[in-house]
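Read from first to last, the chains carry the letters A, B, C, D and E; within each, the first residue is number 1.
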Amino acid sequence: MHKYIFRRLLMLIPVIIGVTFIIFTMMYFTPGDPAKIMLGESAPHTEVAKLREELGLNDPFFVQFGRYVKNAVIHQDIGRSYATKRPVLEMIITRFPSTLKLAALGVLVAVLIGIPTGIISATKQYSLFDNIAMVIALLGVSMPNFWQGLMGILIFSVYLGWLPSSGFNTPAHWILPALTIGTSTAAIITRMTRSSMLEVIRQDYIRTARSKGQVESKVIIRHALKNALIPIITVVGLQFGYLLGGAVLTESIFAVPGVGRLMVDSIKARDFPVVQGGVLFIAITFSFVNLIVDILYAFVDPRIRSQYK
Amino acid sequence: MTDQLNVNMSNEDIKKKSTKKRSQYLEVWRRLKQNKSAMVGLLIIIILILSAILAPFIAPYGIDDQDLLNTLQTPSKDHWMGTDNFGRDIFSRIVYGSIISLQVGFISVGIAMIVGGSLGAIAGYYGGKLDNLIMRMMDILLAIPSILLAISIVAALGHGLKNVMIAVGISSIPSYARIVRASVLTLKDQEFVEAARAVGTNNTRIILKHIIPNSMAPIIVQATLGVAGAILSAAGLSFIGLGIQLPTPEWGAMLSSGRQFIRDYPHMTAFPGLAIMITIFGLNLLGDGLRDALDPRLKN
Amino acid sequence: MSEEKKLLEIKNLNIHYITHEGTVKAVNDMSLELKKGETLGLVGETGAGKTTTALGVMQLIQTPPGKILSGEIIYDGEDLLKKSQTELRKIRGNKISMIFQDPMTSLNPVLTVGEQIAEVIKLHQNVDNSQATEKSEKMLETVGIPKSRSKDYPHQFSGGMKQRVVIAIALACNPKLLIADEPTTALDVTIQAQVMNLMNKLKDEFNTSMIMITHDLGIVAEVCDKVAIMYAGHVVEYTNTKNLFTNPKHPYTIGLFNSIPNIKDDEARLKPIKGLMPDPTNLPLGCPFHPRCPKAMSICSQQEPCRTEIYKDHFVNCFLYENVDNKS
Amino acid sequence: GNNQSAPEGDSGPGTPTDKKDVLIVGQGADAVSLDPHATNDQPSSRISKQIYETLVTQNEEMELQPALAESWEPIDDLTFEFKLKQGVKFHNGEPFTSKDVKFTLLRGLDSPHIGHIVGSIDPNSIEIIDDYTIRISTKDPFAPLLAHLAHTATAILNEKAVTEFGDDYGQHPVGTGPYKFDSWVNGDRVELVRFDDYHGKAPAIGKVIFRNIPENTNRTIELETGGIDIAYEIPPTDVSRVESNPDLVLQRNMNLSTTYLGFNCNKEHFKDVRVRQAINYAVNMEAIVKSVYKGVGAPSKGPLGPNVWASNQNLTPYEFNVEKAKKLMAEAGYADGFKTNIWTNDNQQRMDIAEIVQNQLKAINIDAEVKVVEWGAFLDGTTAGEHDIFILGWVTVTGDPDYGLYPLFHSSQHGAGGNRSFYVNEKVDALLDQGRTSVDPAVREKAYIEVQQIIKDEAPWVFTWSGEDLAGVRSNVKGFKQHPAGHHKVYTVYFE
Amino acid sequence: MSQKLIEVKNLKKYFNTQKGLLHAVDNVNFYIHKGETLGLVGESGCGKSTTGRVLLRLIEATSGEVFFEGKDILKLNSSEIRELRKEMQIVFQDPFASLNPRLSVSEIIAEPLIVNKIYKNKADMNKKVQSLMNTVGLAQRLINTYPHELDGGRRQRIGIARALALNPKFIVQDEPVSALDVSIQAQILNLMADLQQEFDLTYLFISHDLSVVKHVSSRIAVMYLGQIIELSDYKSIFTDPLHPYTQALLSAIPIPSLDIKREKIILQGDVPSPINPPDGCRFYGRCMHRKDTCLTKTPELKELHPERFVACHFVHNLGLVK
């Protein structure tokens, strides 16, 4: 297992190098001059040139890239934001807890809604419950997130006055954003749970369990669910990974100081170091989530467990 | 010499079968037809496509008939869905918008499917280093936030339908590559592929003729769902100001420009929101139905 | 046949699968009986309805699409079809057990084999966890697997061992009736021999009655006391093993024997049954075998033959024998 | 440090508050840096304003008033002498002296961010007379110097603090202002606390929080639900909602900003003044502003907003007259119109304007394509002159016409400098130079009035909209007044 | 009968797997006479299919030589292999999996003709397809049907027609009937015997069903864990099996007859893993005659009598040989 984890982490290296290079190239060739953006519409040429010099933007591409890699590798320094002058790492790390909380809560909501609904839907395939659950789930997927968020604010903050409308520092603040993310993710999880369960309950070993005289609820929970869990874990992990990259729209609607908005703002401001660092961070968290998902597989499925040895 | 008898036997049987459906796709269609919700989905999509084609005949007004004296009217007889902040008829814009949204959906999925599909097929079929290289590239692409991709593309190529489609398309390449690769991996060891090789078929033909057609099922499903996703992504891009050229009536852009009026004039967001929802709903119903119809194990 | 006590009696059983493609008449008007300690072979080609019969007895037919239309399944004097789910659950795995065709898929991949055996013990016997574990380990040893492996998962076992685990599950509660659905088809010959050997031993040890489902007449010859030959959902011939092998009567049975390459003598050509199994959703009128039957008569395509007892304990569903005097 | 503040006013509606000692202000973006030399954005300035002080300041009527400098007098055309206030302390305990002033100005001169504010000062001539007297000279005569020294970008820093924090100074600001920096949750909020050693009148409220609430609608909602006490930049659509709410007060003040539609005078079609005028006639700006801004602000009468000094509000605007426009187009040889484009960034109001203008130009056969261009690319493109027509805004922060005209119309400022219409007019150049260098206000005023007339006639722009600041304030908040430059003081605020 | 069409020498095929090197085929030697059928039997996973595939170069051998009409086909380049495909063909076990479900019957049968550009015009090709269908007993009416509409027996006929399309000399039959019901199996076996006669074909017939192999083969090779342990004419294998494994295998077949009551040899244990197999005799663990030597020394396949090969150290000592 340790070896396996180590190998996986090793595989991160080419991805990190690739991501770094590609982002660097992309940012370099994307129109929009960080100096001009920072100085705004009123900046004289001389000042722009001065700032470009200061930021090292006048150097050729490979010199800039080389400098970045050198600093990152030798000094473990991924630079400071052009705009705020803060260390990039610090900026990301201060933003990350909100994003993590939002992602975790959203996924939690989604799992709590999605898995039971999916199970019931599958065991009662084509029943009224199944149909209604599927329609609701589909509506959940279909509703644009930002719209749902705004509606949530209007209903729960403005008309009912139950919940605060924005910000993210007390549990009351977490509810709406988590629900916004949770419901749309729940839809995906419901559907995955349902189809995965449907597949599993047709398996021979479920028939074996029934032939032992096992009660239906136990057949479902003990025998079917655990087998159906792999694809469910996969989507949960995938969604969680995406959310860790920042749910930009939800973040901006609820004024959550998360990674997603930092990224968008930095991209718009051509704050290269932050973008670069942010993408790396996201790539790495994503890989970690994948790794955790794979380790979870091993917990759930002994066949996979034995492969990792 | 051979047991000719067999051939003549159960003729009725064969006749019945051969007058039945010819291809597997027809078989799938037959199964799909029995799925009511999939048919509802299909109906929605057909209506959308029709309204997209017939927009000039359906829409009572043009897309950019501004009337600054009659802005933000709530739904009425003249304007079924009211007017927007420029006094334009929202219903007409939604009808015209279906062309745009469907275009965004289908073309960006098309881009992703062709590029991603080819990469996935190559990676899966040839395996080894090439596979590793392509899939690591996909990992990298996956790591790049789609918004960054979109901003870069939009910044480089400008706003507009085409570029939004490219942006959305590129960012979903990896998922198609993965799906195709996975199904190619299972297919390439199938005996019929080996049989093709045994009679001298070359790799290109094997991929094109024997593997791709058989991996269509998951791709089709992913594509229907992907069209929905693409429409939502485009709407999301509009929301952060990276949408489509004005005054093109793209639903996402309509939704996001109505956002400032959401409290007083919710109809400005409600109708485009609803249009998006219904479309995606339809596509999802269809996609789910296709998944069931294409998967013989789920058949009963 | 009726002096001894009957353990199981199937009377006029009809099971259909109702699907979009049409209705599959999987089991038609089936009547069979089984005494204590006896082994009944159920033989037939793919789709003949063997598994459906077995699942019918277990009351495990997937509904929908399956449906038991009519008939009685009398076990120990009581009709299983009239029992509630709760009552049935007490019987399943306890009094009647089933071994499924494919050991590779019959075991739950995420539970240890020990857990899977212990489960059935806990369900039907009043034991606590540790006793159940102990019993399950004993059961493993009974089927020739060291108890140290009870904490292993199915994928760590070979096919033969898995099938032995399945047998252990089936026999864990000393069932009175064991239904084995092609228990060795998925196994290699030498392994098959091991497993069959084991089953015979255990059957004798526990004095279990058995329904052995197979398409292999060789296995029938080895283990069965009597045999029902099935074709397209119908029992076409039903007799004891000796009669079947020495004096097969139904044209289908005869065709089956002729189709098998003979390991003893050389023959240049096989004599196959012509044609194919009929479409299960669209069985021919009359005798289902008549389109393939070398001795078909005109009546065969019009009427269904009835069960005829041509000798004592030798039943055939065929017009060739309907008018023959029973005693002759 | 945000935990202790949470129960006080931020935990949503319904939290009982005994004695309110926290003021929460919502604005649309987070500060970038609290180092005045490292940035020049409004959200940062709004916070810096509470932390720092400048030598002189402008009150809400844009009148110059003493701040850290008690008095000043011109020594010659180039030089001012400032007498500094004594007994002023920085937040880190250091005393404020003329050394800090010199240090600050030199540092500012080095920074590219505020070059346009301090650029005129001659770095070699900053002369410390004694601890509380300092002379500052410009390279050339520069009339608006005092107004520039009132800009938050010239706020006085403490040398020790700056060197101590180095690169991190932006997160550890030290000023002489009434509030001192307490904490900053990146992307979310900046918290300030009362500075007890403040040399002026101590603020009534102990703590101020600036929250970042990017969605306009949400800021209003937060204000309504009591989540914040003051909301900056209330969107036009919420005006009536805030006004009609008895718990809220809407403060409306014309500010120093203007929005305009500019022509790229280098482009074939727009070299011809008749075409520019034709478009001025063809566009119904009155209606556009009404529809886009919903009665907020006012249609612009000229290049400068009404409260900029020497703004010429007597220009006769181009009336909406399609016939006249058509005639001019025909005269210019474009009776059949032409194809052009309108660049805007993704600002909602500007996009709206573009959309309507595009529609209205159809009447004179101009087929304009709206190009919504992402901000970075917009700056690049307009600097390089790739655009035909563009929509942009300007804030004359200093309230001095030099700041509001020179960069935009002087031919030396083409492209990045601000003159994105690539307008050239020698007369204008001369008058702008005169306005900049002359110390006589009357001479200056005359020059500027004339320049504005020329600009109106030559029509490099379609004057569009003079901005108005809308701040929503909860009715128990008193003592708040908006500043035309946008950086409102909150240290005068108290609760009732 | 004496001309060798195929000769295999020291053939090895190892697969790299996660757990180690899998010795699927390990040093196999045999030859096939022109016009005969060599049966290859053995338990699941013993390397039968791999052997067949390596012969056709559908997978590449690890080492060894395969002579087809005297030339070593393992040394051919890819264009020469294409030529070879016309001479050597294969029929697969699973008549469902081996047919592309998206192609119609005629397309499947025409595939070899198309890719090898046998016919210039379509009409000729269609004629050939029709005649092939006739040959294998498929009605013309089925020309446009798809595999899933047909039963297993007909599907297998399609597979056979495809194999015959290029007029091969040699066909590997990889368990062509094991997926079929007995009554259909007999039809296909008869068909293959007829075709062999008509076209003078040589077969390598792979199966795990001994009675089928016996019925079709002239000589039979028994494989165990990647190695051939006995090879002989079909009669002697059954009347006089030499290798302990062959003996056990034969005794294990259930015979559908009540007359013969045999003593069954029940082996202990399972087939060991082919991954990194130990030195020595691979049957050691299950053999009832095992001795210490078997553990260290790998028995060679030796020709005891002409055409009678066995790989066991103790054939003589055990008194197994008459």
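Just so it is clear, a contact is a pair of C-beta atoms (placed from the backbone, for glycine too) under 8 Å apart; a residue touches a chain by one contact, two chains touch by 3 or more.
Quantities reported herein were computed from a predicted structural model and do not represent experimental measurements.
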| item | value |
| --- | --- |
| Intersection of the contact lists for subunit D and subunit E | B |
| Which two chains share the largest set of C-beta contact pairs | A-D |
| Chain at maximum distance from subunit C, centres defined as averaged CA atoms | D |
| Approximate Å spacing (C-alpha centroids) for the pair subunit C, subunit D | 89 |
| Separation of subunit A from subunit E, taking each centre as the mean of its C-alpha atoms, in whole Å | 53 |
| Geometric centre distance via CA averages, subunit D-subunit B, whole Å | 46 |
| Multi-partner residues of subunit C (at least 2 other chains) | 272, 274, 276 |
| Residue numbers of subunit A (touch at least two other chains) | 30-32, 150, 158, 252, 268 |
| Touching two or more other chains - residues of subunit E | 153, 187, 190 |
| Touching residues (chain side subunit A, partner subunit D) in the complex | 30-48, 50-51, 54, 80, 83-86, 91, 94-95, 98, 150, 153, 157-158, 161, 163-170, 172-173, 252-255, 257-258, 261-262, 268-270 |
| Contact set on subunit C toward subunit A in their complex | 58, 60, 88-94, 97-98, 100, 102, 105-112, 119-120, 123-124, 153, 155-156, 166, 169 |
| Residue ranges of subunit A in contact with subunit C within the complex | 203-205, 207-215, 222-223, 226-227, 300-303, 306 |
| Residues of subunit B that touch subunit D when the two form their complex | 64, 66, 68, 71, 85-86, 151, 154-156, 158-159, 241-243, 245-247, 257, 259-264 |
| Residues of subunit E defined as touching subunit C within the complex | 43-44, 151, 153, 181-187, 189-190, 193, 208, 210-212, 214-215, 238, 248-249, 251-258, 260, 264-268, 270-271 |
